[in-house]
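Take a look at these structures.
Below are two complexes that have chain A in common, paired first with chain B and then with chain C.
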Partner chain A sequence: MKKINWSKYSKPIILVAFVIALSILRPKAFLSLDNFSNVLWSVAVIGIMVSGTIFVFLIGGIDLSIATLCALSAVVVVSVTNMLGGGVGAVLLGVLAALVTGALAGAIHGLIITKFNIPAFLVTFATQSIFLGLAMVLTNNKIVSCTAPAFTAIGAFKILGFPLPVYFMAIIALASWAVLRKTVFGRYVYAVGGNPVASEISGINVRGASIMCYVVSGLTTALGGVVLASMTQQASAATGAGYTNDVITAGVIGGVSLLGGEGTLPGAIFGAVLMGLLNNGLNLMSVPSTHAGLVKGLVIVVAVAFDAMNHADQSKKKVKKFKKTKDTAKESA
Partner chain B sequence: MKRKGIALLLIAIMAIMSLAACAGGETTRTDDGAGSGQAAGGTSSKVKVDPYGGDEVKIAYIAHDIKTPNNQGWKEGIERVTSNWSNIKVDSYGAEESAEKQVQIMTDCINQGYNAIILQCSDGTALAPSVKQAEEAGIPVVTVNLDCSSDTIHSALVMAVDYDGGRMAAEKMAEQMGEKGKIAIIQGVPGLERTDNLEKGFRDTIAKYSGIEIVDAQSASFQKDTAMTVMNSFLQSYPDLAGVFAINDAMAEGAALAAQSANKKGEICIWGADGEKDALAMIESGDMAGTIYTNSWDEGSTAAKIALLMMGSEYDYTVLTATPKVIMEPIVVTKDNVGDIAEEDRW
Partner chain C sequence: MKQLNQTTMRRLISIGMLLILVILFTILAGAGHGKFFNFDNLIEVVRDASVPAIIGVGVTYIIITAGIDLSTGSMMALVGMTMANIYAYTLLPFPVMILAGMIVGLLCGYANGVIVAKFNVPEFIATLATMSIFRALTYIIAIKDANGVIKSQPMNHSHYTWLGGGIGKFYYVIMAMIIVVVFGQIVLKYTRYGTNLYSVGASKKAATLSGIDVAKTRLVAYMITGGLVAIGAVFTTARLQSATTAIGMDFEFSPIASAVVGGVALSGGSGDVIGTLIGALFMSTLENGIRKLSINTAFQYVIKGAIIIGVVIFDATYKTRMDRKAKEEGAKEGLE
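And now, the complex of A and B:
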């Protein structure tokens, strides 16, 4: 008889439990298409970013420059769009310029980290302040705003009740999942994160793969910046403040190991959505901001512990099974 | 490889020593000053300088977070005053929203012998000892908007209205709403005196209108994008929401965008406070109902003038029994008078 392996589903179970709890507590406000759309909208930027940054986490790297690269690309897209007159063409070029900025930033990260063998923590810590400085210089430390309809549509235009960023998140998450699960490059990423020396010996181009990972992270961060700028109709050096933490937290809650080699994209998206649902729940329950932090922390600990407990059960079972086969092997010998 | 390492080490040591030598020359005087000040118990070692008479002076401007429009406005305001004198130098520092960093910057500025410090306190209690130390070393401290704890007397506080700002917003909002309906508040970071007072002024005044009820209050940490999320959940929880008061303009703009996205543009009476450029534009377009405008440039200029006055006068903080306050003129802006605020006054 085939037993259902519940531990595999612990993350969806947590989300469903959350949805049920909030549906009971706040049926009218919570259970509506609008609200689900709002929750997904609020996590879209984090979801887009973590879909790329996960590559960096998986090779055992880290990116501390997410927030300021997000600000820089937001500034680039708004400035270029404004400069070219705010039409559809201007917006497309603006988005392109922002994405190029992100990819370049990622390539620089990757090159420096692999060439000089400096920890990613240090390199991205330094570039974080470079990007911030660039964003300040480009804007003269002011808010640049853009209300051109073609630009604001990126963040607010709705299809079937869901705003565009939600679709962006879905597409990019799916693409990222496919690359990680179905391609050779995806295997390399896990291999490099698991054991870079062994990967190198077995013929994987570790350096190339690592640089690629940082480029992907730069690209999604830039896209996150574009979406955020469009949603808020403005950009400044302060755009995206706090997103570095949010993205790393989403990954870690979703079971991505910062040591590399471990974690899945659905896990990371789970982390982002859980945080979104949590914030939404706290708002709908009118939890005062003085208590919100406390409640949030407690819920995250409980959810993560529940998830980890299930995984521990799973590995215990594996050990048991292994011992059993070893014993039978001994007996037969 | 080893030799290269030793060479690098030597270069590093030399660099540090030369830095120390430079700093040493400047610190000696102020260090002595601080020492004698403490010995005498709360007396200042202030040396009068004449900034308008050609004395070389330098002013430090230390912001809580240099990236916000407010801080940029103050910085430009300060520079407007000082730029006409080649002997007055202004250096700007950002504390990256950290009180610890700000304390460190304060210590550095005191050691480097600045003639005055203009400070936006990240945390009133944490910064109080640094402010006291600066005044004892003869450096006048002018705080802007966010003051250090009130028992620490210093040269001056320049601020935008707080309690009264909340009162004015509440009165005008009540009028616009026909004195009835549900209101939600979007808060900043709890525990900051100015914004807490703003909220208190608003709540106390709204309490006088029996038809208006404050149904909820949530924090969006002064962020525009977070305010959109908060506003979305308000719209879910209270379909009949009639008004929103946000503690700053960035959050009011976020709330207005969320309302727009929910096809409720102009239906909800959304108010902010500050009067930044984008908020005024949103009042013109009908997305926002009003704000309390303060001229940030003027505020920065005022702080700079007081700093120059204090460093150029015989007086120092020891003659004061309380920190003198300058409160900036608030303007209640609605669609009716937003056109009166000239383009060159929009920061």
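And now, the complex of A and C:
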């Protein structure tokens, strides 16, 4: 009798179960076309961000500044676009400015973390406060809005029925997948996350690779901010609030280990889809956003605890296997 | 002997940083009535430092074991809101209300400890999750008006609010802080539990091998923090004379930053409670000084974040340098 490896199919099963549960609980609201595009938008933003932050997770780092960097870049794109008059060129320059902001923020994270060997969560926890302050300074702590058609098109324009952000997500996820699976840099990322000391000894530029990972993460976070600002046609210091937890949770439930070296992009995208559905579900069940933290926090704890237990199991198995081979070697000798 | 010199050195550096900050603000914001440097304002600085210092004692224990707790701010809100519910809906005497708050704090700490020590979830992610869980629970049990809108619950009975005051300018919260810090330092330096904390922080493996119950040591550290958070919540609500869902927002960083400024290494195994107290005074001087300079509140976030990064960078470079120096000197002695 062959044992079925359930853990292999756990992700699709969870997803299907979730969809069925929501269809039963809120059939009219959940199964409508409008709601479908709501879910897509939500998934797209988380998907765009997690496609970049997965690089940081894979090297064993973390980014707690996602939400406020998102706010800062949203504020930057709206301010620059408004300042330059709101034409197509202005929007392009605004997006560019936001992306530069994100890349710079990522580079600063990477430089500080690798140069001084400081835990990533601490640095990003401090920069979270800095980005929030900068976003408040730039907006004078008000909401800035931008209704220029060229700008709102980023979030609302549809091709073949799907909004543009979905295509952004698809392109970025594909690129990220290709880099992780098909390039030397991708190999380095996994190696650095698996064992930084061994990677250093085997000649990998660990510092350069790590900084690069933070830059990628900053870029996608900034793009997430641009998309969010365009979708809501406004930006403030509160844009993107809650996305830090959402993105980390998406990664973790997608099987990305926060200890580094483990996880795949399809897994992370699955996590993004599940988070999008979860957000939508909580919304449809009219759970206030202030209460949603309870559910999401529990999801994080359970997912990471599973991951940690899995790790402990595997290392135990390895030790057992090692002892067995040692014993057989002794016997044969 | 060398180790002692290094710790004394680090202590002098943190005191020096505090003094420099005080002098800097005295020059920038001035001395005299209504300005930065006067007796009333300096007492105010100590008063503001008290709650972070009280909670910082527990956080110091956790950081010494190489852990972290990001959930203290939300925990404080949850404890405060629990007490507000008892205040609003029951006729129980205040000591019982405070006891209930303590129990909630200990339970929160227990939850953190179990997730971290028994399920081996990385500390920062576990407490990041409980941070949002505790905050959400606070919203759930928050007191609502007739229309279902969350309101702030006044807790202004004089039998309770006296805790927010003091004997003249000598506030009760400062007295509590002094007691907690002294007691915390004694436990850390002169009890077996304190020694165990350092051993666990230096090396979990070595601690396990030498017969220390690592999981229990960590769990107890989280529970102590929970209990101290409850004490902090009592003094905070008594001073505010109300409980809101916003209590402790952005607070969680203050005890951690205090500990780091005071020389508690985030890698674990070193630092003490007195250091954290100096760190807490540093942080509250910083906040008070910025307020006195009447800088735009938005800039306060930037300055706070930048200073924390600066201090952490300093701590990291200082530690590598000292480690290298110790190694070199050890090598020299070996040659001779």
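Convention: the second predicted complex is superposed on the first by the 241 of 333 C-alpha atoms of A that agree within 3 Å, B and C clash if a C-alpha of one lies under 4 Å from a C-alpha of the other, contacts with A are read in each partner's own complex, and residues count from 1 in each chain.
We take it that a residue touches a chain if its C-beta (ideal position, glycine included) is under 8 Å from a C-beta of that chain, and two chains touch if they have at least 3 such contacts.
The model shown is predicted, which means the values in this text are computed figures rather than measured ones.
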First (chain B), second (chain C), both or neither touched by A:Asn35: first
A:Ile201 touches, of chain B and chain C: first, second, both or neither? neither
Touching partner for A:Asn141 - first (chain B), second (chain C), both, neither: both
First, second, both or neither for A:Asn283, with chain B first and chain C second: first
Partner chain(s) touched by A:Ala178 [first = chain B, second = chain C, both, neither]: neither
First, second, both or neither for A:Ile20, with chain B first and chain C second: neither
First, second, both or neither for A:Phe125, with chain B first and chain C second: second
Partner chain(s) touched by A:Ala292 [first = chain B, second = chain C, both, neither]: both
Common interface residues of chain A - those touching chain B in one complex and chain C in the other: 136, 141, 288, 290, 292
Contact footprint of chain A on chain B as seen in their complex: 65-69, 72, 75, 187, 190, 216-219, 221, 223-225, 228-230, 232-237, 253-254, 257, 260-262, 276-278, 281
Of chain A, residues touching chain B in the complex: 26, 29-30, 32, 34-35, 38, 41-42, 45, 136, 141-143, 145, 156, 158, 163, 228, 231-234, 236-238, 241-242, 279-280, 283-284, 286, 288-290, 292
Partner chain A, residues of chain C touching it in the complex: 68, 70, 115, 119-122, 124-126, 128-133, 135-137, 139-140, 245, 250, 253, 266, 296-306, 308-309, 312-313, 316-317, 320
Partner chain C, residues of chain A touching it in the complex: 62, 64, 112, 116-119, 121-123, 125-130, 132-134, 136-137, 141, 245, 248, 252, 258-259, 288, 290-298, 300-301, 304-305, 308-309, 311-312
